[in-house]
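Per-chain residue numbering starts at 1, and chain names A, B, C, D, E and F are given in the order in which the chains are listed.
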Amino acid sequence: MEVCVCCGSASRALAEEVCGLLGSELGDVELARFPDGEIDLRIRNTVRGRDVYIIQSTEPPVNEHLVELLVMIDAFRRASAGRITAIVPYYGYSRQDRKSAPREPITAKLVANLLTVAGANRVISLDLHAPAIQGFFDIWMDHLTAVPLLARALADRKRSDSVIVSPDTGRVKEAERYARMLSTPLVVMHKQRLGPVQVESRTVVGDVRGKYPIIIDDMISTGATIHECATALVNQGARQHILVAATHGLLVSDALALLSMPAIREVLVTNTVSLPPDKAIPKLTVLSVAPLLAEAITAIHADRSISYLLAE
Amino acid sequence: MEVCVCCGSASRALAEEVCGLLGSELGDVELARFPDGEIDLRIRNTVRGRDVYIIQSTEPPVNEHLVELLVMIDAFRRASAGRITAIVPYYGYSRQDRKSAPREPITAKLVANLLTVAGANRVISLDLHAPAIQGFFDIWMDHLTAVPLLARALADRKRSDSVIVSPDTGRVKEAERYARMLSTPLVVMHKQRLGPVQVESRTVVGDVRGKYPIIIDDMISTGATIHECATALVNQGARQHILVAATHGLLVSDALALLSMPAIREVLVTNTVSLPPDKAIPKLTVLSVAPLLAEAITAIHADRSISYLLAE
Amino acid sequence: MEVCVCCGSASRALAEEVCGLLGSELGDVELARFPDGEIDLRIRNTVRGRDVYIIQSTEPPVNEHLVELLVMIDAFRRASAGRITAIVPYYGYSRQDRKSAPREPITAKLVANLLTVAGANRVISLDLHAPAIQGFFDIWMDHLTAVPLLARALADRKRSDSVIVSPDTGRVKEAERYARMLSTPLVVMHKQRLGPVQVESRTVVGDVRGKYPIIIDDMISTGATIHECATALVNQGARQHILVAATHGLLVSDALALLSMPAIREVLVTNTVSLPPDKAIPKLTVLSVAPLLAEAITAIHADRSISYLLAE
Amino acid sequence: MEVCVCCGSASRALAEEVCGLLGSELGDVELARFPDGEIDLRIRNTVRGRDVYIIQSTEPPVNEHLVELLVMIDAFRRASAGRITAIVPYYGYSRQDRKSAPREPITAKLVANLLTVAGANRVISLDLHAPAIQGFFDIWMDHLTAVPLLARALADRKRSDSVIVSPDTGRVKEAERYARMLSTPLVVMHKQRLGPVQVESRTVVGDVRGKYPIIIDDMISTGATIHECATALVNQGARQHILVAATHGLLVSDALALLSMPAIREVLVTNTVSLPPDKAIPKLTVLSVAPLLAEAITAIHADRSISYLLAE
Amino acid sequence: MEVCVCCGSASRALAEEVCGLLGSELGDVELARFPDGEIDLRIRNTVRGRDVYIIQSTEPPVNEHLVELLVMIDAFRRASAGRITAIVPYYGYSRQDRKSAPREPITAKLVANLLTVAGANRVISLDLHAPAIQGFFDIWMDHLTAVPLLARALADRKRSDSVIVSPDTGRVKEAERYARMLSTPLVVMHKQRLGPVQVESRTVVGDVRGKYPIIIDDMISTGATIHECATALVNQGARQHILVAATHGLLVSDALALLSMPAIREVLVTNTVSLPPDKAIPKLTVLSVAPLLAEAITAIHADRSISYLLAE
Amino acid sequence: MEVCVCCGSASRALAEEVCGLLGSELGDVELARFPDGEIDLRIRNTVRGRDVYIIQSTEPPVNEHLVELLVMIDAFRRASAGRITAIVPYYGYSRQDRKSAPREPITAKLVANLLTVAGANRVISLDLHAPAIQGFFDIWMDHLTAVPLLARALADRKRSDSVIVSPDTGRVKEAERYARMLSTPLVVMHKQRLGPVQVESRTVVGDVRGKYPIIIDDMISTGATIHECATALVNQGARQHILVAATHGLLVSDALALLSMPAIREVLVTNTVSLPPDKAIPKLTVLSVAPLLAEAITAIHADRSISYLLAE
């Protein structure tokens, strides 16, 4: 089986970088829109029996990118592709991984079902908001991680009195992982309502006085959580020299404005989500996951182990 | 099982009209967006064991409306709804019902698979572009038609020397149905390339000289086909008094401008696709399919025959 | 994977011709009947891991041939064949592709489901009555066409004033395809009821006076439609020199008698349906699809493109 | 849910008898053939939400009757029947319940898969050749038995020195059941090859000298087995007064001639397989399973136990 | 549909308590073992069309209880039960909810698949180790919680300077829930390796000096985690008056010995896991979830909302 | 695809013997238990794309071994094994192949469904209690037999006046197979109740006076059946020199004591079920199926025929 790497409209730059590393050309897929907005897709080269990798983050606009990915999988399947791997560097809807209130959807599972019924044979993603999403799939699923990549970058920047900060109670496990890699203490923030009339406020559990906080998260969406945490940390006596690291930099709404607070010195993200040029502010450092994906493709195609790339 | 009718964001006005006819209240579904564009859905009332009807056309923006519908089905299913019927008055992607070139998707089938895997128990649609789409479903599928509704309106407007015009070779069967209902002759248009250097032009098969043409179609998208047909008909000597009738009025791009040509006197569509106020031009007449849907819901819920509502 | 081509009882001659072209031997399948009519099947050679192609038209007696095909697929699957392709040159029940009246089956979809559950990995067919039948399958489906083959034969026979005739409103799209290939005008016939007491009669849309008609269809079943069309064309002044072309020559009931009318000069069909010697009348020309199938098998086995063989 | 009992062409007489017992009318199904032999089916009354029972033995011609049943199920499903029970009094292909040689199909399982994918919710059959066929289904399956019915008839006819004879090694378990019900000894016949050049002959295990044999079987197909057994029994000294009892009387080929041997005094079968008038010879007694089926339908519809009707 | 509540061998006492509250009798299921250890099951009363609830925790021995549950579901399904709800108060293997190392199974998902294929229509569980397990199911899944029950009991016991302690980084979210219900501060423990040669030790994040700790967890297995936490808390200056609360009290290995340390004053669990009499030590308080399950059954059967019983 | 043979805890000795014959190493699977009895599994080497064979009899404790097998399949599937074959030399629950009484499970089918949903691509078993279990699978299933192996050993031991004895009416077909291979007569035993107050006793059908009986069976569980048969045979005048042969030697409960009766001279079984050293009594001869399995693995991996290894 020959390899064929192609991409949807969300991840073209990343896919080109991956192809560059693999020394192969990006598959020729014509991806346009009909006047009414319907996806107009045609694969231009034969893909019979090929080992196809479709790179497409389901980043905003998530529904457009998701349906595009599904339509691509359908087209490759009907064109008799030998095996179809959907590489979804950022898995949209991953926060809807459970019913957090009655009668909610579990959209992360719905997406898994949609990818499966469309005809994907394997799904690859990075740093899922909830690792249990792996189990949402009965097709092959490889859950890679960019945490070592980010941790290596943080190792260059950390100080002796840095502390890893989990911005809420849902990220503590990941924060612990960073703390181990960097051999730093751990601090946990959580929201607390201190009395019947008071609004919830973010509380710090652990000691941050005089410390250099490194706030970690899996994704930065609106930046509001990071901003609140940074403010609370400073209020608790932390140094006004905060690093932020997250795999997925969505940076929607006022994210850039919120991250511009002086106490935040640098924000590290990866290119799982594409960054438009106007968002490329100086304090934002973007690490590339292309080498990681290129390695994964090479190893999977050759049936070699990728365990060293997998998230815990 | 109690009935519960609700809707997505595409078909709220239609759903409210249906509920008015049924004398019931629209189900309380909270449908919002998270800051990153992900659908934020919650059903506010219990739906355990209910007979749920979700009205949502997958009209433009088709991908947004489609995913919204899928997420709603997922939420209702996980909320233990007794039976879920997706009423999709306009079925987006219905023109992608086959591979018209190699390595194209069959998106109309993909959509059928997505609705099924999301958990719909039944799908209802109107005047599908290809009736064989019924067979894309193994769940219950009822294919209703607004053709009698449109034909009744045309019967009031037709003249003794009206002719029914099929705008291309794919609509002839439907045109024949109108011709029978209205007892008028049939004319077929098709695209022809008359020589190696000539562009394709629309040819009229049949006699239109001095006739009052009624162009019928299943949907009006950009209006370009209608406009070309009207021009060709007039060129062939038809009277400059043309009626147009179609179930689905998408009216995207320059549709309104193209339909404004004086030879077109009136355009009849239904409200399967919602019409924003700025598109409500005087020559456009919108018939409501709400009574049709209300009847279908009542009959299906009561296990009564709906054969008189079905498309042939 | 080695190739193994075999056949059911419907298509032995065609399969032998295909094997001749491929330079391979027909797979050894013992296909008999028990005294009570049950199919008694045994595959005589090992087929573990083979790339199996079963050629079997579901021509009359359709149910016998269909069940035979299903039983063969089951046997090959349980014998651990590597991949099973059902080549169904004529796909029986293809006219039951939709409910044309309430409470009808959609037998063409049922057949697709039966082939799938029996264990076929791929289905190949030619000139399906409704192209949307492709979408009835979620397994691989290749829809080939003999139209270019027939069109090439017609090109040798056509005159400057030939016209392509669609015998009813359901074939206009295919007629248009022939008209383009042969650069001839198009004429459409349809049934019309001219008044409340009159029976339906076949009406000609378009000009046929003095023309040489070429009636095209996907299949000739009883020949009644062709006979009616030929009669109507002659009545409308067409020349009594009519050619007929169709992919599938079922020729059941009185077909040969009806086609014997002198105005019909020649009838071209292919060997997708086997022609018993007693039906081989002089005016009937049978073109072979064996080269088409041999090419498809060779290309599919080698994972090469077959897009040039596909129906539009 | 209202009950609706209908039938295919194999079991009309039986279905009418069942409806007579239920005091209901047979469902109105139009079942014809197109000129090319394809099944032309239409259900004439609404069946939305009905509890449908389709009675159809897959007796010879088995493939015709099987496809007819599948098409009926498809039509009822698409017509929104509430629940579909296929009552298959005689289950064709039940002897193909295993691979008795390499690369054979397991057609009895294929049939189970076909019934399931067509849309049956429940299957009812009688005295399956292999009881394990129950497990071929994951849909509801009720395996009824006519053995008590036959045993009651035999009880009236048996003598003090009757013996139950199993005609081969595959029926011993059933023979033992009869032997218990009738309190008679058991005799087993089997085929044995006594030397390298001798043909297989049927050997009697057990004592039959001077006994009145009652040969039991699940079905009588060509009658050859029964004839051989009767001959061997007489040769071994049994009385020339043999009774034969079997649930399913297929009676194909020369069955009537073979059963006409004088030593066979009476043959008891049931009407699971329809008996054409010309096969109604005097020594053949046909018991009706209609009361059994009527009881099963009544009980299943009312969610009452049918355990007393079930085969062991 | 009548309700039928029955149980496997793991949860008989709980099921009897539930039936007492419902005023109904426990379904009559004969559950024994063949001499070789195979499960010998027979349902003694008819269950056709019943709304069946099978209560069975998959507590140790987990594999025995799991297979027992699967066999029961199979038997009820084949006995034509109308709807089958598996109530699994303690869901064994729930900690295998992801691959925490390469080439591990995701046994919690496997169990979901097994329950589904066996024929369950709905699964109910309490306080799943990972809430995302809900999404492992595409059948109906209701995730109930005993946290309010435990929190109410803790409210009676808490002091003004109590703190909620999460024993590791995976439980912080649940700990936060308790902290909100009880309006207490939160403390997080996590394992840390302080240097290259040091072993991992449990570190306290947050202030516990002079506080009354309440350690919460979803389950107590060997008690080792609780024992380590209690020791670390005391070492950090917490008061030697510790409460422990967990939904599932497995109490395997030396659990009772480890919990006997004097600093632990009381351990609250529920009866989701059955407690043998010899484990009923004085400091162990067992709260009953029977009222919760009885309410759930009543509401589900009557299609009433159970949202107030659901876990977040 | 490289071969990888591994095993569960039931069949380690057999798997090692198979690997010895194949000249390959046993796959490195870490199979332990958590303190609460949950299976703790990890595959230590990469298995991406490997052709994996898992050898695991579901012998007692059957539920433990079954779940272990399912968890292994899940782990291999999620680790991207290329193809997974479950070799189940002894298939537990094979006697639950039908409902022998109402409302029983069909556990043998449930097991087939569980293996399939866990992700097995192929199942291999030996001498299934009911050959129809093959049809319980829609995945590949190879049903091997050790009967020729046992028959060859018996051929060395048989005498001119040996008789093959079927211990009950369910094994007669297999007994006939042995009788043919060994050219000996056949005797059938069955249970009979001779009067209303008498208990059932085992009756001999056929002549055993002065004969050397060879009792054959598919498995020896408690030995009670064999013991009763031996006793009855001696009572009927058979020689006190009885051989016993069965593929599967479960030997539970008092089996060894019952088999120790002097009339039984030798008991032949195979190692499909592992024999603990304390059960290795002198009169027990254990034949190895390892060569059979090694051949099957070699042939299947190379896509060569294994028809000579298959059960009839």
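Keep in mind that, in the parts below, contacts are C-beta pairs under 8 Å (C-beta built on N, C-alpha and C of every residue); 3 or more make two chains touch, one makes a residue touch a chain.
It should be emphasised that the depicted structure is a prediction, and the values quoted were computed from it without experimental measurement.
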Touching both subunit C and subunit E (chains): A, B, D, F
Repeat of interface A-E, chosen from A-F, B-C or A-C - more than half of residue-number contact pairs shared: B-C
Copies subunit D and subunit F touch via same or different residues, half shared test: same
Centroid spacing, where centroids are CA-atom means, of subunit C and subunit F in whole angstrom: 51
Whole-Å gap separating subunit E and subunit F, where each centre is the average of the chain's CA atoms: 38
Two or more partner chains touched - positions in subunit F: 46, 78, 99, 101-103, 106, 109, 113, 138, 305, 307
Contacting chain pairs - touch in the sense defined above: A-B, A-C, A-E, A-F, B-C, B-D, B-E, C-D, C-F, D-E, D-F, E-F
Interface residues, subunit F side, partner subunit D - complex: 97-103, 106, 108-109, 113, 130-136, 138, 143, 166, 169-170, 172-173, 175-176, 179-180, 183, 185-188, 190-195, 203, 205-206, 305, 307, 310, 312
Subunit D - residues contacting subunit E, complex: 122, 138, 140-142, 299-300, 303-307
Complex contacts: residues of subunit D adjacent to subunit B: 46, 48-50, 77-78, 80, 82, 119
Subunit A residues touching subunit B - in the complex, by the definition given at the top: 34-39, 41-44, 46-47, 60-64, 66-68, 70-72, 74-75, 78-79, 92-93, 95-96, 99, 101-107, 109-110, 113-114, 116-118, 221-222, 250, 252-253
